[in-house]
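Take this structure first; my questions come after.
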Amino acid sequence: MKLTQAQAEEIVSGALERGAILGKALSIAIVDAGGFAVLIKRSDGARPLTPSIAMSKAYTAAVMERPSNMLKNWAESNPGFFAQLSTMGTHPIVATDGGVTIKRDGEIIGGLGVSGGTPAEDQKVCDEVLAELGYELEFPAWGTGAPRK
Amino acid sequence: MKLTQAQAEEIVSGALERGAILGKALSIAIVDAGGFAVLIKRSDGARPLTPSIAMSKAYTAAVMERPSNMLKNWAESNPGFFAQLSTMGTHPIVATDGGVTIKRDGEIIGGLGVSGGTPAEDQKVCDEVLAELGYELEFPAWGTGAPRK
Amino acid sequence: MKLTQAQAEEIVSGALERGAILGKALSIAIVDAGGFAVLIKRSDGARPLTPSIAMSKAYTAAVMERPSNMLKNWAESNPGFFAQLSTMGTHPIVATDGGVTIKRDGEIIGGLGVSGGTPAEDQKVCDEVLAELGYELEFPAWGTGAPRK
Amino acid sequence: MKLTQAQAEEIVSGALERGAILGKALSIAIVDAGGFAVLIKRSDGARPLTPSIAMSKAYTAAVMERPSNMLKNWAESNPGFFAQLSTMGTHPIVATDGGVTIKRDGEIIGGLGVSGGTPAEDQKVCDEVLAELGYELEFPAWGTGAPRK
């Protein structure tokens, strides 16, 4: 299953509506399962680097196959090693709020990244918009996942 | 004058319509005057790296203040130096078709990059959509420009 | 459709058998559709960098969605721009023989890279092993592909 | 003594069997004494970056001539300097569990890296498989070694 541009637009629209309600100028990024950009949008007034921040969150969520905030324990317990992860991919691997894996029917099809709000707001926007659109938000705790069947 | 998300959407829509007529799956990037992403969209079927290629064209057109194909003479006459340019910014500076500066009332407000067609098609899409929307497509030849007033 | 380790092993075994017949110590790399390694194997006697060369060929074939030798025209017509492509991914984008896209039922599921023989041998190994195993070897000429349906 | 492909296969098979018993999808990397890849294998279900992580552990264990977790004191006592080490080789030098030097008859012939389990699991897989296959697991403490004879 490939994430389509229409699906990406739907997610981004939902995220931007929530940003408008919060009164925050957000940037939103959507990547496919391989971490390649599908749609990146910066709201009027969002700071210049927010699209790149959103992209790194979306990339992390896709290629690490977990929401980016599930990596916090790893980043805190071995920050040097964690920093080196970023040299292994195309974009930084970030341990922060606001990046959530896009999953449907158990299959990872991409990543969503939100930047421009507080960490809690960025996270809430991700969770709400993906839940509303029927994507799955259950992920096994880091380090305990069974092999994919 | 700041390039708005609404303007970016209008340009990207026009470019994608032309891609559909050509039968090509395009990726389109729009950056602001500082070269920061405003909108990046990858059509269904466009190759994974096309958003990055489009971004480098848009970035080049914005921060070099000329369409990217106007840099071909420079790139050919001094390729080593030209390659080093790419290390000075956030994205590669490319000398190729498909990147055009977004200018209105004499003011440079951003860059448009198109990837996914032939070089001639990418360029034609840029030129047509910007002309149709009333942006200016006259740029002084490279190396001959008077100091900016 | 995800490329499995069993499929990768089958392709690599076939390639190494052909290397043995040619009397060449080959390195073989298989990546998934996103360009991430699935299996890399260096034969006894293959030179130290051949696994990395094979990896760059496999990566190119996967993310450019064409065999790596189909990029030769592009690389020759605009070498500076082509070189900059490599900064956009995780591995170099190479225009050479010995990298072929892995495609089944019209879907791109990965890339195969072979290094250690002559360019013609590397290419022949790719083509023969993929044909024998029932993968598709028809790719639209570069720049003429219709959008994916 | 050169590490052969047959030896690498034997080690990787043993490691993957242990991964299956643990219920973890692992990636395994084997490098030679110079840190060049011999065999990299990603199990079905292992995350996209795990082959690169396993590679960095194997590389570290080979070129630092110690298991990667013996570098933790150094990394903690001088993190800035340790981070710079990573710029001196081809792959990151990592101070973490899951990378063990491959040594036989007192000679260092390569490195093994495991990624995909918990740090303790990755380490246990390395130690068990190398011990079972008769490799030596005694290494002088870092910074106390006498000159190599």
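Lettered A, B, C and D in written order, each chain numbered from 1.
Following the convention adopted for this analysis, a residue touches a chain if its C-beta (ideal position, glycine included) is under 8 Å from a C-beta of that chain, and two chains touch if they have at least 3 such contacts.
Quantities reported herein were computed from a predicted structural model and do not represent experimental measurements.
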What is the size of the turn, to the nearest 5°, that moves the C-alpha atoms of chain A onto the matching ones in chain D?
85
Here the gap between chain A and chain D, centre to centre from mean Cα coordinates and rounded to Å, is 31
From the C-alpha centre of chain A to that of chain B, how far is it in Å?
27
Rounded to the nearest Å, the gap between Cα centres of chain B and chain D is 46
So which bits of chain C are touching at least two other chains?
32, 34-36, 63, 88-89
Answer with line, ring, star, complete or other to describe the graph linking chains that touch.
other
Residue numbers on chain A that touch chain B, as the complex places them
2, 4-5, 27, 32, 34, 36-44, 48-49, 51-52
Which bits of chain D are touching chain A when the two form their complex?
19-20, 23-25, 43-49, 52-53, 56, 75, 79, 82-83, 86, 92, 94-96, 117-118
Going by the contact rule at the top, pick out the chain C residues touching chain B in the complex.
34-35, 63-65, 78-81, 83-85, 87-89, 93, 143-149
Complex interface listing, chain C residues touching chain A:
32-36, 63, 88-90
